[in-house]
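Structures given as structure tokens follow.
Shared between the two complexes below is chain A, which pairs with chain B and chain C, respectively.
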Partner chain A sequence: MLRFAAIRILRAVLTIALVVTFAFLVLRLSGDPARSIMGDDASPEAMAAFRREWGLDQPLWAQYLHYFAAILHGELGRSMRGGGPALDLVLGRIPATLMLTLPALLMKLAIGIPAGIYAALHRDSAIDRAVMVTAVAGYTVPSFVLGLVLVQVLAIWFAWLPTGGTGSLQHLILPIITLGVGGAAVLARFVRSAMLEVLGQPYIRTASAKGIPWAAVVRGHALPNAAIPTVTIVGFMVGNLIAGAVVVESVFSWPGLGNLLVVSVTARDLAVVQCILLLVAVAMVLSNLIVDFLYGFLDPRLAEANSTGGH
Partner chain B sequence: MRDLTFTRRNILAAAAAGGLISVTGLRFAAAQGNNRRTLKVGMSGFPPAVEPVLYAHTATRRIAPQMFDTLIAFDQTPDMALRPALAEHWERVNGKSVRLFLRKGVTFHDGGPFTAEDVAFSFSPEHLLGPDMAGKATAMETLDTIDKVDIVDSHTVIVHAKGDDALLEKRLASWGAEIVSKRAFVAAGSWDAWTAAPIGTGPYRIVSQSLDVEVVLAAHDGYWGGLPPLEGIHFRIIPELASRVNALIAREVDFITDLSPDMFSEIEKHPKLEVSGGPVQNIRALSIDTTGPILGKVGVRRALSLALDRKAIVQALWQDRLLIPNGYQLPSFGDAYIEDFPGLAYDPELARKLLAESGYKGETVTYRLLNNYYPNQVAGAQIMVEMWRAVGINVEIQMMENWAQIEKKPINAIYDDSNTATFPDPLGHAWRVFGSSGANVKEGIWGNEEYFGLGKKLKETADPQARRSIIRRMLEIVDREDPPCVILHGSGQFYGKRKDIAWVPGQTLDLNFGPFNAAYTQN
Partner chain C sequence: MADLVGTAPASAFPATSSSGALLTIEGLTVDFSGVRVLRGIDLTLSRGESLGIVGESGSGKSVTWLATLGLLPRTANVSGSVQLDGQEMLGVAASRLDRIRGGRVAMIFQDPSSALNPVIRIGKQVGEVLARHQGVSGANIRAETKRLFDLVGLPDAARRFDAYPHELSGGQNQRVMIAMALAGKPDVLVADEPTTALDATIQAQILDLLTTIRRETGMALVLISHDLGVVSETCERIMVMYGGRVVEAAPSDSIFANPQHPYTQGLLAALPPFDGALHRLIPIEGQVPEPANMPPGCPFAPRCAQRMTVCKETIPPLTQTEAGHFSACIAGAVTEARQSLKVHKSVLA
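Moving on, here comes the complex of A and B:
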């Protein structure tokens, strides 16, 4: 188990280092913060002063070494737009994002899991088909389209809800629905597939043949075994809690981390983008790590196989 | 919601404000008295700072005119005439100096008095050069000719240019020449603290700003120009255009910025909404790297321009709402505008003839293109490629991700650009790009010694007639003799707004919701 944990943690650290390096290179090579932030009408002299101030006139390798050394000292840089520490800015946006993503995650779980289980247990019934058609629709419609349709109907035609922004509980409803629908659809499809696979296993037939009531078979044998693929997808959703609302936050002008990411990428506010990507990478890696450990907990054979290099 | 219709109380308040203004010799500014409302504006981006000396960023320019005044101001009519602002009047001392008589009784947002000290500080290197005097400030682009400010008395100053400067008054009215409170700046202690809540004399003061969320202003009721017509302005940041339009339709905001032409019909469907705005002091052009073997030929460059039916483009993409200039100039340049300079010709026959004379044999001309960095950029490019094809020019579009890719050497291509007249004169416009230290010259893609010499002479020439003949020659070089660009059309700024909001657009990116907006001064 110790070896299993050590391998996972080392892999996580390497992943984060790769993400940091990749983000640094892509951002430095793909645009000029001076032009984005100073504006088109800024003089060449002002832009040159901007580049000097932020070290952008240094060679790329020097910038990279400086950046990496600073990270090791816990320094994630300052925002070129606001001037304040990038980490403070990023951490300050997380509560707003969680206000959307946590209720949306609950919505996904509350709708997706029961719908998937119900559809699997009533395979090929009208309800199964209805659930799957809805799930496919929810999965395939992009969130920005769904968001705009919801705004058109509920905010403009009926004027029940605001089109975007912040300030009241009403402002939360449309973004949460928009975020929740797609995730619930994904989860319903995963849970249904996992359940169908488990329900087709010989041990389910054996349990039924032994006269155990069907509900007990489902509770005691089917659901625990279908949990592993479900945990994978839920783990991914948990990892996405802080960065999974980029599009929705833009559509609804919600001042969360996703919105900050879009604005910062557009402005090439390097330190802020790098800080967000670092945070997202850490969140993703951590959630994957937790999922890996949960695998070991749910099925100790998996931890054993991983620690001995087996499959 | 309260509307802006006039009531007896409004009229009385307006009359009182008018009386106050007439005492100070100002133009009448209507005011709404106690029935004022807070205007909600949906804006596309958050300003990097609301200190205009630092940034000419679009978002900064939307807000700065509410908070600051210049000594002299442009009236924002198509003529861009000068009007008194913080200076009641002014007079020339000599070719390089102007004496300005400052308005008395003006107060800053914090209640402090406006004096000559504030003027001297605002034009000092400590302010103009930005943090640490490092030069990270855009104001120097127009104010770099200022040498010093002499304080004659508490309300009289003499502004000296480094050399003869016929445009000194216009410079004092341009972007970055806004006056700030010296006392408040010093009290702030740092640029960071200062830019969090800068203090000016404008009709609205800053209440709060929240990065990427909002900027909130409240009326500065002691404003020297009359009672501000609004109780406050709430600039809400809504980056997505569709979301801004939705917010306007749902009446969550009263006014939205940066409207693109494809949304005009969506706004106009609603009887209580309208599209406002129009041409601004900016020209859209295609910059040309003239150092390559094909684009180095003047005939090919002229043919690129002659092949374009600009009227058709502006009609198709801009509902005929943009200006097609006659040469690289704008009508608002006043004495410096050469009104009889020939318009941009659409002459496919001449284009073919010039191509033949240049020995052009269908070689590929590369067009480095960004994906709608400018509105309608890609659609416009596709139309132009077909127009060029019709005269035999083989232009190939290369999509680019960003400006660094566009400007990567060797360029050997054409690419889109736009250029704002920071003040209405060729020296504030064409010279910024094509001049001896202009952007195109720094890029190393164009140079013309005669043009540089003429520009130098223009800077030193005060006589209007002499200036006009220099400017005419400079226009000829850019238009025909050695074109550094293909002029496309003027740019526009368009807004969506409620019809019952009294507001008239200006000639620049600036928004003005104060008593000097033409909606009030023309009534």
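Moving on, here comes the complex of A and C:
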């Protein structure tokens, strides 16, 4: 078990290091922060001063080493736009994002899982088909399209809800629905196929042959098995709590992390972008770790493999 | 019409013992999306009897018993009649069926490792049956499960309660399946190729175990197998299936001494001899027809060396050729054509 944990954690750290490096390269090579922050009409002297101040005049590898060493010291840099610590800026936006993504996650679970189970248990029924058609629609329509349609209909035509911004509970409704629908659809499809797979297994027939009532077979024999693959995708959704709302925050002008990311990328505000990416990577890696441990808990076959060090 | 002719009356296929029928199947048919795969099965099983079912892959052995227990997927269309102690089982409410399954009729399957739930401890899987059908609860479940594990010869029974199926070998898992089946104290145990997935020594051990348990508990045993040899050692009576029908049924010794149906004769010719001498085995040529392409007459006609012209048009009914021996072959029935005709009239009347 210890060795299993050590391997996982090492892998997690490597993943994060890779993400950090990748973000550094892409951002440094894709544009000039001095130009995007100071503006095109700044004087050459001012530009040079800005570059010197932020270390942009150094060779790329020196910047990288410097940046990496700083991260290891827990120093995530300052925003080139505001000058404040990037981490504070980023952490300050998290509550706003979670205000959308947490309820949206609940919506995905509360709708997606029961719908998937129901559809699988009533395969090929009218309700199954309805669930599947809705699910396909729900996850093929991009969230910005859905968001715009919802705004058009509910906010503009009927004027029931605000088109965007903050200030009241009503402001939360459309972004949450926009976020939740796609995920619920994905989850419904996934749970349905996991359930169908499990329901076709010989041990389900064995359970029926023992005289266990169908409802108890589903609850006691099918669901625990279908939960195993489902944990993966739910874990992914949990990992996405922080980064999953970029598009929707833009559509609804919601002042969350996604919004900050878009603004910072446009401005090439490196420290802030890197800080966000780092946070997203950490969230993803953490949720993966949790998923792995949950697997061990749900599936005794894996638990054994883990405790013997993966042999 | 052809099916009516092909369906032997139940009364023409009596049980060997006189203690009365425990389970009676009449005219059992199964269709999967409009294709008939089981084409009228009749059989009677007595208390404590051992019946072997043999036939090549796809002949309908499993479907017969899955249909009997209501275990086929919803896509299956089942008709006919299955009676346990005179009570109809087909189409009854699920709650009634659930009292029979695992309690009065238990069934075990070919691959024990996939037939057990991978995420539930085996003791709990056996305990479920005890709780449901024997009203055992609490700590007694553990004690009774241990007794069953001892009974089926599972080594280290006390510790196995908390094991998962993947921690056991195939043979041990099959012993768990048997323990699970016995937990409900059934009147009938249907074992669907219980040893096919196991190696030869384990296979013999499991068959011995089934025979011993049957003797000790007095339950009836239905043993399904590809292998006529396996079945003849374990069972008193044998039923040979082909193309979704019964083609021959007789006491085991009678099948060996005097096989009537060309298909049974073919199966026997393909058996290795008892003395172990290396004769050339003669497999039956050709393939089992697909249910969707079943020949209109005798299902075995395309592969039969004794085929006659009528065989391609008429479905031979299951007819008694000697006491307790039934065969569905026109060639074999020619001598007794008159008697056979009489039987038909009485069915149709």
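Methods note: the second predicted complex is superposed on the first by the 304 of 311 C-alpha atoms of A that agree within 3 Å, B and C clash if a C-alpha of one lies under 4 Å from a C-alpha of the other, contacts with A are read in each partner's own complex, and residues count from 1 in each chain.
Note that in this section a residue touches a chain if its C-beta (ideal position, glycine included) is under 8 Å from a C-beta of that chain, and two chains touch if they have at least 3 such contacts.
Treat the numbers as computed from the prediction; the structure is a model and nothing was measured.
J.: Is A:R81 in contact with chain B, with chain C, with both, or with neither (first, second, both, neither)?
T.: first
J.: Considering only touches as defined above, state whether A:T97 meets chain B (first), chain C (second), both or neither.
T.: In the superposition, A:T97 touches no partner, neither chain B nor chain C.
J.: Under the stated touch criterion, which partner chain does A:D40 make contact with: chain B (first), chain C (second), both, or neither?
T.: first
J.: Could you say whether A:S143 touches chain B, chain C, both of them, or neither, answering first, second, both or neither?
T.: In the superposed model, A:S143 contacts neither chain B nor chain C.
J.: In the overlay, answer first, second, both or neither for which of chain B and chain C A:G211 touches.
T.: second
J.: For A:T178, using the defined touch cut-off, is the partner it touches chain B, chain C, both, or neither? Pick first, second, both or neither.
T.: A:T178: touches no partner chain.
J.: Taking the superposition on A as described, I'd like to know which of chain B and chain C A:P224 touches: first, second, both or neither.
T.: Touch status of A:P224: second partner only.
J.: Once bound in the complex, which stretches of chain B touch chain A?
T.: 45-46, 48, 55-58, 60, 130-131, 134-138, 140-141, 175, 192, 195, 210-213, 236-240, 242-243, 246-247, 249-250, 252, 401-404, 418, 420, 422, 432, 437, 439, 442
J.: Using the touch definition from the top, list the residues of chain A that touch chain C in their complex.
T.: 201-203, 205-214, 220-221, 224-225, 228, 298-301, 304
J.: For chain C, which residues are in contact with chain A within the complex?
T.: 66, 69, 71, 94-95, 97-103, 106-107, 109, 111, 114-120, 128-129, 132-133, 164, 166-167, 177, 180, 184
J.: Any idea which chain A residues touch chain B in the complex?
T.: Residues of chain A touching chain B: 29-32, 35, 37-46, 48-50, 52-53, 81-83, 89, 148, 151-152, 155-156, 159, 162-166, 250-253, 255, 259-260, 262-263.
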